[in-house]
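Both complexes shown next keep chain A, but they swap its partner, so chain B is in the first and chain C is in the second.
Then we have the complex of A and B:
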């Protein structure tokens, strides 16, 4: 009989688990609740940030995700990457991660740009540069490392304050000593017809899904490009929600130059597009919509989950094996205030210590750039990604955990959010689908 | 010294006046409306104050705007600027009448509420705005 794997979650960790479980021949059900932090994604897929980088490091000297990964594992003994690198199913961690990312990209029909052996330097709407590993297709042509002698034009849209073109260009110019490759940086402001008078980038992007608005935008952008003659153009990340690939490829074909979007800030259109393509994938699996409120457990095993749908109806759903990929606070995996995992009431740890009803010390630091316990708390797991208690004893035999519900890492500081989600999701999916799983 | 006596006397009389006023009963809603109607302020109930607190859960992710079917007309006009603006608009009751939209455009399909990751009660907020909109106009 094929193992039956139930995945709770709607983000990247859930999709990584589903991909791998299907590949391993399991019968997969996804229980999708409300969207979590994946819907706020900037469009960059981080694997590992360079821990040795400082504010003034020249762009050419930034380490690749592969080198940074080794450095992170060496420095942080509690990091989920460390668990992954020690597992005999993983082997070489960078190759494991890049293989998994490529499989997910194929499954989602989402041609990602970037590679594990080379950093991707993407431009943000704040005029700063974000070091990452992969980006979504619309940002693909925007790797600043690949702009040798480029003439860059930054585009802003009249009435849309979230992409200040002049500010982005001036900040890039200021940092020119770090980027000798760019030969010229200009800013331009466009005013296409038929866009709404609103502050919401979501509505602006929505309007660019209509044919007439696309035509008007295309005309204005091509005119500007002919006047300024750039080799690369940075567009605000609002180029349609469903039509973005069409808009950018049409621009590229008409002008023969590189067009790309800067990364998104919440409300982030690249994140919304990513969530939509994840949802399309989930619809191919057996999908249940609703929030898991609690679970029935018998003798250290999960027997059934209680699902509540949007109309408030409750239903009991029998399960065989469960992968928990509910995220941390944004995704709703940890109940704020109580510091317990929401569904199975599992304990939450920080630095190997269980957090009781009230944390002993402060959960946030005074300075933004300092480490915040709130960011790195989460479940403690054994090497097979199964939650354990403070003495290391297994809590539930048929439960695995993946993604940001795990503790021991800080996605923002270490630049490893998607990498951990993909890595732990893939391993959890594989282990949960084994015919004779370790404990299940 | 004289100043001190004067101040104590002043405070004492006003304390007495305050207690006497209490005995005579509270001014009530009518007096509130008489005093503040010109500033377009209307009283809020306890439930409505609780609702205003829930608004602060909004993380400005914009997913409700995407889910809302009322934001774009088929003819390409934009009658409603999306539910994401509501948590910000609804904080100030006097501004409801100045808002550049008619809350009638919302058909209460609850799509925005279903899409919200933080479970902000958007439909209730819209109801609240409509109710106060009517009260303020009166």
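Then we have the complex of A and C:
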């Protein structure tokens, strides 16, 4: 009999788990609740940010995700990357991660840009530069490291204040000493017709899914490009939801210029697009809609999950092996009042110590940009990604965990959200599918 | 030659801006300086009410009378900033015998019968007495464990804009009003104060001003500025905090009793609800006011017995301020006098040209300013009468119909209503530029909402220089998302000299009012923590502000 793997969650970690479990020959069911942090993605796929980067680091000297990975593992003893790097199924972690990312990109039909051995320096809608590993297709032409002698034009849309082109250009100019490669930076405002009057970025993006609006946008952009004659153009990340690839490739063909979107700020259009591709993928698996409210356990095994659907109906769903990929607080994996995992009531840890409802130390720091325990708390797992208690004892024999529900890392600070989700998802998917899984 | 004034007022709270306006309107050459922003201290952290103070009816009937009468004036000069808040005072059954409950309700009613006399001064409706059923049908979230309730009327006010409008009125009357300007040194010749050296806290530029009178209206900082002039003012400062709840969870303010018998209440305020306040001796630095998990739980528990639903509300922020209460020995904080006092330091310590004010209540700020200005005028030989209770504050001339503005400018009616509530008759002036630039009708902050044209107005006509100034003037970044959506676009419109530093400063400041919520189990709600995870993704992960 093929092992039956049930995945709770519908973000990147869940996709990674599903891909690998299917590849390993398991029968996969995905239980999808509400969208979590994947749906808020900026369009960047982080593996490892440069922990040694500081304000003045020249762009050329930013470390690659491959190098930064080693640095993270060396510095952070509880980091999931360290568990992965020690597991005999993983081997060389950077290759393991890049292989998994590429497989997932193929499964999702998303041609990602970037490589593990080279940083991707993406432009943000503030004008700062974010270090990442991969980006979604619409940002692909926007690696600032690859703009030798480029003339960059930053485009703003009138009535869309979330992409302040003048500010982006001026901040970028201020940092030009860090990047001698850009030869010219200009900002321009356009006013395409046929977009709604009072705007939210989502409304604008939706409007660009319509042919007439696309034509009008195309015309204005091409006119502007002919005037300024840039080599690269940074667009607001609102170039349609379904039509984005089409809009950008048509611009590229007409003008021969590199067009790209800046990263989106959550809740961002690139995130909506990503969640839509994930959802298309899940439709190919066996999919159940609803929230898992609790579970039935018998002698250290999960035997069934209780699923509540949108109409409030409850159903008991028998399970064989379960991978928990429900996320942290945004995804709804952890209850912040009590600091317990929500479905199985698993304990939550920070730096190896269990946290109760009344934590002994503060869960947040005094300064906003300092590390907050809140952001790096999560499940503690053994090397096989199975949740354990404060003494390291296995809690449930047929349960694995992946993604941001794991503790020991701060995805926002370390720039490793997608990397951990993909890495732990892939390993959990593989281990849960083994015919004679370690404990299952 | 340094610029010279008749009077310099230090402090941009209700007292300082009120005094400066009065001085300027009486024709004195007036300068107002504030080290942070107008309304950013105690005034901005208050309950946002010009209430008559029924609490003081038994001990300080003069305070009640003064507050009620002056509240009536404030309503006339700034009608758009004020909004009626009907109050419910439910009498909870608790575990007292039934004859006692009935007497308690009768007593409360008698009390408010007396208050009706004062309430009329500010245009409030007389009290009514409601049965248990009537109360619950009006406000179903009130605990069913009540005997009945008494209603009375109070007025809410946008305190930050009240201070701003007073400062703008100083300019209208020919004076000068500077925010982000702090006093570095007070200049004296012998025993006479002659001026001061100030520093622009944003640019670092220093400059000297001379004056015949220097008035210290710095609230909890009063002793500090007094010390710079070589005199002493003794206060008994007390901390008060509020919890800010998302949305108007009630249409009535509801009074409840805390474990120590103190009365607290929730009151609807704009798009939000405030729960407060505490009253505790404060010995620390008024620039760094901590909020503790105990204070938060004290308020939640106190409100819970009358309004159990409070536990389900989403707390999004806190406010904290220090009352500059007059010194009193061997009394509890709550029983301290709310009287005010003007210190003429020439009389008391022989230092001429220097005055301080302390104590008092927001509702009577205008009256206090009038008294202070009378004294200044007496010193300077000015005989002009006070007109601050008659002349409207900027925008207070009339209140336009929001529906008409919405129609004329094609706005969402709610957005129009919010603009009118902030700008009164000047709403048209805020919106007019959109005839030329229609794209400025877009919402920058979706929580409040705040339109781009209003941000431009705040920058151009209301001396907003920082993101936090924009927050105080418009409510930007104050909603449940705490700036996640609006900070980047607002930074674009503000165009500060150092955008990264400005963003960081705002995040740090708003974090100080939010961080305590994560330490108390009662406020560490799922939406709060989830929003924080998202904001970390925005500011830390995508914008990488930590490594800029």
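In this section, the second predicted complex is superposed on the first by the 439 of 440 C-alpha atoms of A that agree within 3 Å, B and C clash if a C-alpha of one lies under 4 Å from a C-alpha of the other, contacts with A are read in each partner's own complex, and residues count from 1 in each chain.
Rule of thumb we're sticking to: a residue touches a chain if its C-beta (ideal position, glycine included) is under 8 Å from a C-beta of that chain, and two chains touch if they have at least 3 such contacts.
As the structure is a prediction and not an experimental result, all values here were calculated from the model.
The superposition on chain A brings chain B into a clash with chain C.
Of the two partner chains placed by superposition, only chain B is touched by A:202; chain C is not.
Contacts of A:329 after superposition: chain C is touched, whereas chain B is not reached.
Of the two partner chains, neither chain B nor chain C is touched by A:116. Legend: residue contacts after superposition of the two complexes on their common chain; A:411 is shown touching chain C, with no touch to chain B. In the superposition on chain A, A:55 contacts chain C only, with no contact to chain B.
By the touch criterion defined above, A:34 reaches chain B but does not reach chain C. Once chain A of one complex is fitted onto chain A of the other, the partner contacts of A:266 extend to both chain B and chain C.
In the superposed pair of complexes, A:161 makes contact with chain C only, with no contact to chain B. When the two complexes are overlaid, the chain among chain B and chain C that reaches more residues of chain A is C.
When the shared chain is aligned, chain B comes close enough to touch A:213, but chain C does not. Once the complexes are superposed on chain A, the part of chain B occupying the same space as chain C corresponds, among 75-83, 93-101, 111-119 or 129-137, to 93-101.
Chain A residues in contact with chain B (one complex) as well as with chain C (other complex) are 40, 197-200, 266-267, 330, 332. Across the complex, chain B meets chain A through its residues 59-63, 65-66, 71-72, 76, 78, 81-82, 84-85, 110, 114-117, 119. Here chain C touches chain A in the complex through residues 410-412, 438-444, 446, 452, 484-485, 488-493, 495, 499-500, 503-504, 507-508, 511, 515, 518-519, 521, 524-526, 528-530, 532-534, 536-548, going by the rule given at the top.
Those residues of chain A lying in contact with chain C across their complex are 37, 40, 42, 44, 46, 49, 53-55, 57, 124-131, 158-162, 164, 166-167, 171, 191, 197-200, 263, 265-267, 328-330, 332, 335-337, 357-358, 362-364, 366-369, 372, 374-375, 411-413, 415, 417.
By the touch criterion given at the top, residues 34-36, 39-40, 194, 196-203, 206-207, 210, 212-213, 241, 266-268, 271-272, 275, 310, 330-332 of chain A touch chain B in their complex.
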